[in-house]
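This report refers to the structure that appears directly beneath it.
Chain naming follows the written order as A, B, C and D, and within any one chain the residues start at number 1.
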Amino acid sequence: MTKSPLNFVVMLGSLRKGSFHAAFAKALPSLAPANVKITILQSIGQLSIYDGDAHADGFPAPVVAIGEAIKSADGLIVVSPEYNYSIPGGLKNALDWLSRLPNAPFSGKPVSIMSGSPGPIAGARMQYHLRQVLVFLDAIAFTRPEVMIAGINGKVDVDAGKITDETTANFVKAHLEAFAAFAERIK
Amino acid sequence: MTKSPLNFVVMLGSLRKGSFHAAFAKALPSLAPANVKITILQSIGQLSIYDGDAHADGFPAPVVAIGEAIKSADGLIVVSPEYNYSIPGGLKNALDWLSRLPNAPFSGKPVSIMSGSPGPIAGARMQYHLRQVLVFLDAIAFTRPEVMIAGINGKVDVDAGKITDETTANFVKAHLEAFAAFAERIK
Amino acid sequence: MTKSPLNFVVMLGSLRKGSFHAAFAKALPSLAPANVKITILQSIGQLSIYDGDAHADGFPAPVVAIGEAIKSADGLIVVSPEYNYSIPGGLKNALDWLSRLPNAPFSGKPVSIMSGSPGPIAGARMQYHLRQVLVFLDAIAFTRPEVMIAGINGKVDVDAGKITDETTANFVKAHLEAFAAFAERIK
Amino acid sequence: MTKSPLNFVVMLGSLRKGSFHAAFAKALPSLAPANVKITILQSIGQLSIYDGDAHADGFPAPVVAIGEAIKSADGLIVVSPEYNYSIPGGLKNALDWLSRLPNAPFSGKPVSIMSGSPGPIAGARMQYHLRQVLVFLDAIAFTRPEVMIAGINGKVDVDAGKITDETTANFVKAHLEAFAAFAERIK
């Protein structure tokens, strides 16, 4: 059976150049099933802090562009670290801007979440907060297998943008396959 | 019995000029017990998005100033709306910056949370996410009575910076008294 | 277009005879779309507290029966109050038992949550905790519109098992229609 | 300086005989500071499921006894596994019963939480749900260091009721010292 092509986009929650999560995100396209194309969205780091007055003046151009890319995608993958037991402020700020777009880019959209940390909890606390946000955004959050990479700093090659730990790479592959099947199911 | 003087600072999670929460925050000093001085911290709206590379270049001046004000205060009051079922990105971003300060301004600090919304849930979802963040920050979150103001838009005078609904004003007074006693207890 | 028949089952989180939530649950079948049959599952109140040693002796008969009913249903509706800002212990205990069943009754199952309270928050805190549990159970939680009935005590007729407030009844109707469409979509 | 004596009680969330958490709880008294006495409360496993009708008939004897023990203690330690990404139903059921006691045993009480799991997340999801419950109960939840023991099955001797891993034992010692100082501070 030929599977229909799927187009996933990736939103990245960390901004620094040597980010483990950025390396992780860069590795995703090569781990995707054959019918799945994965593109990394532009950075959310240049956005101003959401402010109702600024909003009244219109949306920043990157918000519009990211919103359109999500709207037209078959699924969204959020790759992010946890900051202070919750969603990084910058990622949440991007979601706050995007949530006001009239085209409601998240509505009915399949969403996968991936996180890691140098320690063992691996972003779990961020993931459940993000899931609660996704309820308001009316997205359909993918459940399992959950991707929480403990010791992520030892499992990626930051310069090459690769996952170097084979078990991790295979697990991410399996997640992407399951997420693709999920996106297909609810398309 | 004379109570010792207490110095509380207020962090505001919403940025627009006509904000109901800003009006609410402005009303707090006049509702505080006689021994309690309440000061509103400077805006968190001009901060850049937290970024490990930017951090390596040093802290923005407002982060340092806010951090020092919290560190030397007897308690922190966070007044904030809920955005997308969680903490506003801008507020979380400020906490992300502040959390990296070497003087750990939140550690052992009594924290009160106040929120409202035009609808009935009144920021509850934001409050419990913020409480989880406060665990990491090692703050001591005040419990009850919780301040969640349903229909906040009809209970404040935005221009005057006042709480116009008497029941609400009295409830906030009672909360501030209880929070002051709590801050006193753990001083 | 004829819609295919759907079979939903209802798990009830409160046990007392005069329960507002029991009345609410009883009202659901008459508010369902024509193609949807809704059945209330047997009580979870007689279960023993989950215990690994008891589990080793086998599953209680009601756990097996409830598990089979959920497994063969097209969707599950949980109707429950909030106890102490979270899931009632009895409901969580039932889920703990059911989660160990080898047939994994929740896996891939569409789940809707409905709650209310005499006060304004209306079970919101219970709902997000339950959603986190549903992630582990690999269920697919329906998002919106969320059913959180403030002032539920004034909106149901406990003796008749009816929703007496028309706005509420219509809202629940709309929710059931949307949930049925969701269950159809991911079938 | 002589420290005043402190009396802590332990509530255990798992019931089976060979429980890792039971072994962990049994080890606590020997790891406590000299001025701290730790007693394990009676089992919560024999309680019926909370039910408003049953409640109207009075409290079960164990609920009254546990409530009095907590009320007169200087602090409560909850030792529990995580079930299905949340609080075990049996533990939550005990809290539901206890929360209705007229003497409000949790009000203003310092509470520490300890958990573990064979895997890496180590009960974190249970802990944050429990913290939310503690807000309603008006308890004062201790923050850090948090005790989340990954791989708990390899770190306790179930028969002897001991923590066999030295790093873990020392970490628990440090936690108990910090919790005792916290309980002292807010006494």
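Here, contacts are C-beta pairs under 8 Å (C-beta built on N, C-alpha and C of every residue); 3 or more make two chains touch, one makes a residue touch a chain.
Worth saying up front: this structure is predicted, and the values here are computed from it rather than measured.
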| item | value |
| --- | --- |
| Of all other chains, the one whose Cα centre sits farthest from chain A | D |
| C-D or A-D, whichever has more C-beta pairs in contact | C-D |
| Whole-Å gap between the CA centroids of chain A and chain C | 30 |
| Distance between the centres, which are taken as Cα means, of chain D and chain C, whole angstrom | 30 |
| Whole-Å gap between the CA centroids of chain A and chain D | 37 |
| For chain A, residues that touch 2 or more chains besides their own | 125, 128, 132, 135-136 |
| Of all residues in chain D, those that touch chain B in their complex | 128, 131-132, 134-136, 138-141, 143-144, 146, 185-186 |
| Touching residues on chain C, where the partner in the complex is chain B | 120-122, 124-125, 128, 148, 150 |
| Contact footprint of chain D on chain C as seen in their complex | 14-19, 44-47, 49-53, 83-96, 99, 125, 129, 132-133, 135-137 |
